[in-house]
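These notes concern the structure reproduced below.
As written, the chain order gives the labels A, B and C, with residue 1 at the start of each chain.
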Amino acid sequence: MSDRKKLLILCVIAIALAVLMLSLGLNSFILRYALSRRIPRLAAILLTGCAIAASTVVFQTITHNRILTPSIMGLDSLYLFVQTATVFVLGSQSQIMTNAVLNFVASGGLMIGATLLLFRFLLRGDEGANLFQLLLVGVIMGTLFSSGASFMQMVIDPNEFQAVQNRMFASFNNVQINVLIPAAVILVLTLIYIFRQAQILDVLALGREHAVNLGIPYDRVTAKLLAAVSLLVAASTALVGPVTFLGLLIANLAREMLRGYEHRLLLPTAALMGIIALVGGQLVAEHLFNLSAPISVIINFIGGIYFISLLLRARTAD
Amino acid sequence: MQQLSRNRFVSPTTAGTADFARLGVLVSLLLIPHASSLGKMVIVFAFAILGAFLFLSILQGMKMKDAIFVPLIGLMLGSVIDAVTTLIAYRFDLVQSISTWLMGNFAMVTQGRYELLYMVIPLVVIAFFWADKFTIAGMGKDHAINLGLNYDLVMYVGLSIVSGITAVVVASVGRIPFLGLIIPNIIALRKGDHLRSSFVSTGLFGAVFLLAADIIGRVVIAPYEIPIGLTVGVTGSIVFLYLLLGRGKQ
Amino acid sequence: MLSVRNVVKRYGQVTVLDNVSLDIPKGKITSLIGPNGAGKSTLLSIMSRLIPKDGGEVYIEGREIGQWKSSELARKLAVLKQSNHTNLRLTVRQLVSFGRFPYSQGNLTRADEEIVDQALEYLQLDCIQDKYLHQLSGGQRQRAYIAMVVAQDTEYVLLDEPLNNLDMRHAVEIMKTLQNLVEDLQKTVVIVLHDINFASCYSDHIVAMDHGRIVNAGCTEEIICGDVLGPLYDMDFRIEEINNNRICIYY
């Protein structure tokens, strides 16, 4: 089966699932209400699915490493730290916790600020972007934040902990329009930018020396792409919570599934898989578990098993 | 672990062992909530070892195309188990408790509660004597076979040692960040990847660092103790950032 | 014109290139020879902007290398280094097509496809153009990378020990291809070579380096003689003339 056909099939499945999500259990009485809840939810899922897929694929191409995801940069640790610290210091009833827009701006802004700081600090050397150092620093910062968050979680009043627990896992259940719109703008613009770099990404995959030889200003392009990745992760995490778990699974599945290497196919494939996983996961979470299980749990479980079985079944390469 | 999977961003927990340990914690909290800590530790350790074997058998079942699949499978397996654990923990409202249990903490170490850790010694000794074999395995299967090594055996033994040590440590003391990922990288930046030469340095650096962090944690808010997980997290960040960036370009 | 003026390169305390100045003659094959560690690869990397220099200038067609926009330079100068390992699943044709990137940014036109066809033919890869790189032998893979450089169709072609991994027949063919590129298409080729005899038989101009300095430069007749090569490599050389070529015997 050609890659294009696979892409088409994925598209059909995604659309089918989306329609299912919107229409399941509807009747004319609750139509308007149900849709007003479901449409933002679907929109958030579509955006997040694409964002995480794209950011992980790009990140893996730049780092030439298939087990890395942008989460290694420590962004979701930072997010959790901010949320935990706010509950710890200001309490779960404070404005930042209850006002979704405020929360979005605060956590999103901090994440973006942290990445810019990281980049500026590390990319000022004249030997250019030392990617390895950047990653290690990201890991260190991520560990710092999650240690701090764990400690606070340990000490927090169990009643207050609920507010933290709600943020520990990605959730599409309470997406609000006034947060969704700015997030959507950021995400869509960044996604368009990344997709337009698809062919440059192909060349980057050849390695630094070939990329430079073929005329790509390697350091500048890498820095811009990393910034785009951070933007995608920051916006989607601030929107729905720590959601980068999905990336590792989706990026690797997409690579295994496609025969070719072009990012023009890889990016949409990964995005569609992300959407399918999230919509499917949301449907399962809603209708099988009555929302008592976080969607990340479902996706990780099913996805992880599927991936392992995929690898076990693959006997030889090509 | 980093040598065997030929990837610097891997830590021993990427064999999924820590996630199995977490499941063990959950099970012990659910089934034997009133048992002694030692009892719980044994269950956690058992689950971790079980996880290690599951991980290794999955690896056996695969035609390993690439060393990248070692941590990849570990990560995937870990996330599956993690999902199961979280699902059950959510149901029984144990999320906070589990997180507390796993937080690296030396305060609970008293006589009768830490002896499990001694198991680490023979494992480390074997690792030292096999260090060269691990380095060769890290060069690739072709070099390994050329030099007369049984590649699969070396991987198997290496991963078992890694899982065994992780299981023991997580069960006894909890999760301590940085040691597995950052310390070997820092040492490698200076001493290279020859495991046998850097083995002692890496081990000593880890031990000394942990000791220093422990002292800080017990002194700063005496007579209370900051859990080692946090002290390591904070002091480690400062120290390693300085080491990484302060020395300039390599 | 490709000129190097007083280039310096240090790694920590070690000076790898010590005030190197050089003019590469246009439309000729220039070989860089010298013992290991002489700085040949480093010089090539600096000339092709793969690594930055610590001092001096490199001029390409009158403009200093720092003034060139990388994408522009990619249409003027192509470089191929030694380590060519990738675990990408690419066919030979796909790899070679990347050579057209500086011109079409990935959107190949019919003209591009023809150039790719030609490059594949030049390197005798047309029958295996749809095989994946990892299915090929080391030599075939090497030829694929060289074909990519040929497809890049630049005036200056810089190659770092391209004959590694090639059997004798293919090594000779590569050198003949390079000669054709120079004669038919007026390209300028700079090539780092280990094999002295290949340098002798196929270069027009030879530059000898040792310990980060240029110790000698000139046409083949001037350099390929015992007085120059002996001290350079610290060995004994016997030079015979066979078929109008100077062959070195040092075994």
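As a convention for this text, a contact is a pair of C-beta atoms (placed from the backbone, for glycine too) under 8 Å apart; a residue touches a chain by one contact, two chains touch by 3 or more.
In this text, all values refer to a predicted model and were calculated from it rather than measured experimentally.
Enquirer: Pick one for the touching-chains graph, please: line, ring, star, complete, other.
Expert: Topology of the interface graph: linear, an open chain of contacts.
Enquirer: Most central chain by CA mean?
Expert: Going by the distance between chain centres and the overall C-alpha centre, it is A.
Enquirer: I'd like the Å distance between the centres of subunit A and subunit C, where a centre is the mean of that chain's Cα atoms.
Expert: That gives a centre separation of 44 Å.
Enquirer: Taking the mean of the CA coordinates per chain, how far is subunit B from subunit C in Å?
Expert: 47
Enquirer: Could you tell me the distance, in whole angstrom, between the mean C-alpha positions of subunit A and subunit B?
Expert: So the centre of subunit A lies 26 Å away from the centre of subunit B.
Enquirer: Which residues of subunit A are in contact with two or more other chains?
Expert: Subunit A, residues with two or more chain partners: 127, 317.
Enquirer: Where on subunit A does subunit C make contact in their complex?
Expert: These residues of subunit A touch subunit C: 126-127, 198-200, 202-203, 205-207, 209-210, 212-218, 259-261, 317-318.
Enquirer: In the complex formed with subunit A, which residues of subunit C make contact?
Expert: For subunit C paired with subunit A, touching residues are 48-50, 52, 69-75, 78-81, 86, 88-90, 94, 98-99, 101-102, 105-107, 132, 134-135, 152.
Enquirer: Show me the residue ranges of subunit B that touch subunit A in the complex, using the header's touch definition.
Expert: Per the touch definition, subunit B meets subunit A at residues 7-10, 14, 58, 61-63, 65, 68-69, 71-73, 75-77, 79-80, 82-84, 86-87, 90-91, 95-96, 99-100, 103, 177-178, 181-182, 185, 226-227, 229-230, 232-234, 236-237, 240-241, 244-245, 249.
Enquirer: Over in the complex, which subunit A residues touch subunit B? Could you list them?
Expert: Its residues touching subunit B are 65-68, 72, 121-122, 125, 127, 130, 132-133, 135-137, 139-141, 143-144, 146-148, 150-151, 153-154, 156, 158, 161, 165, 168-169, 245, 248-249, 252, 292-294, 296-301, 303-305, 307-308, 311-312, 314-317.
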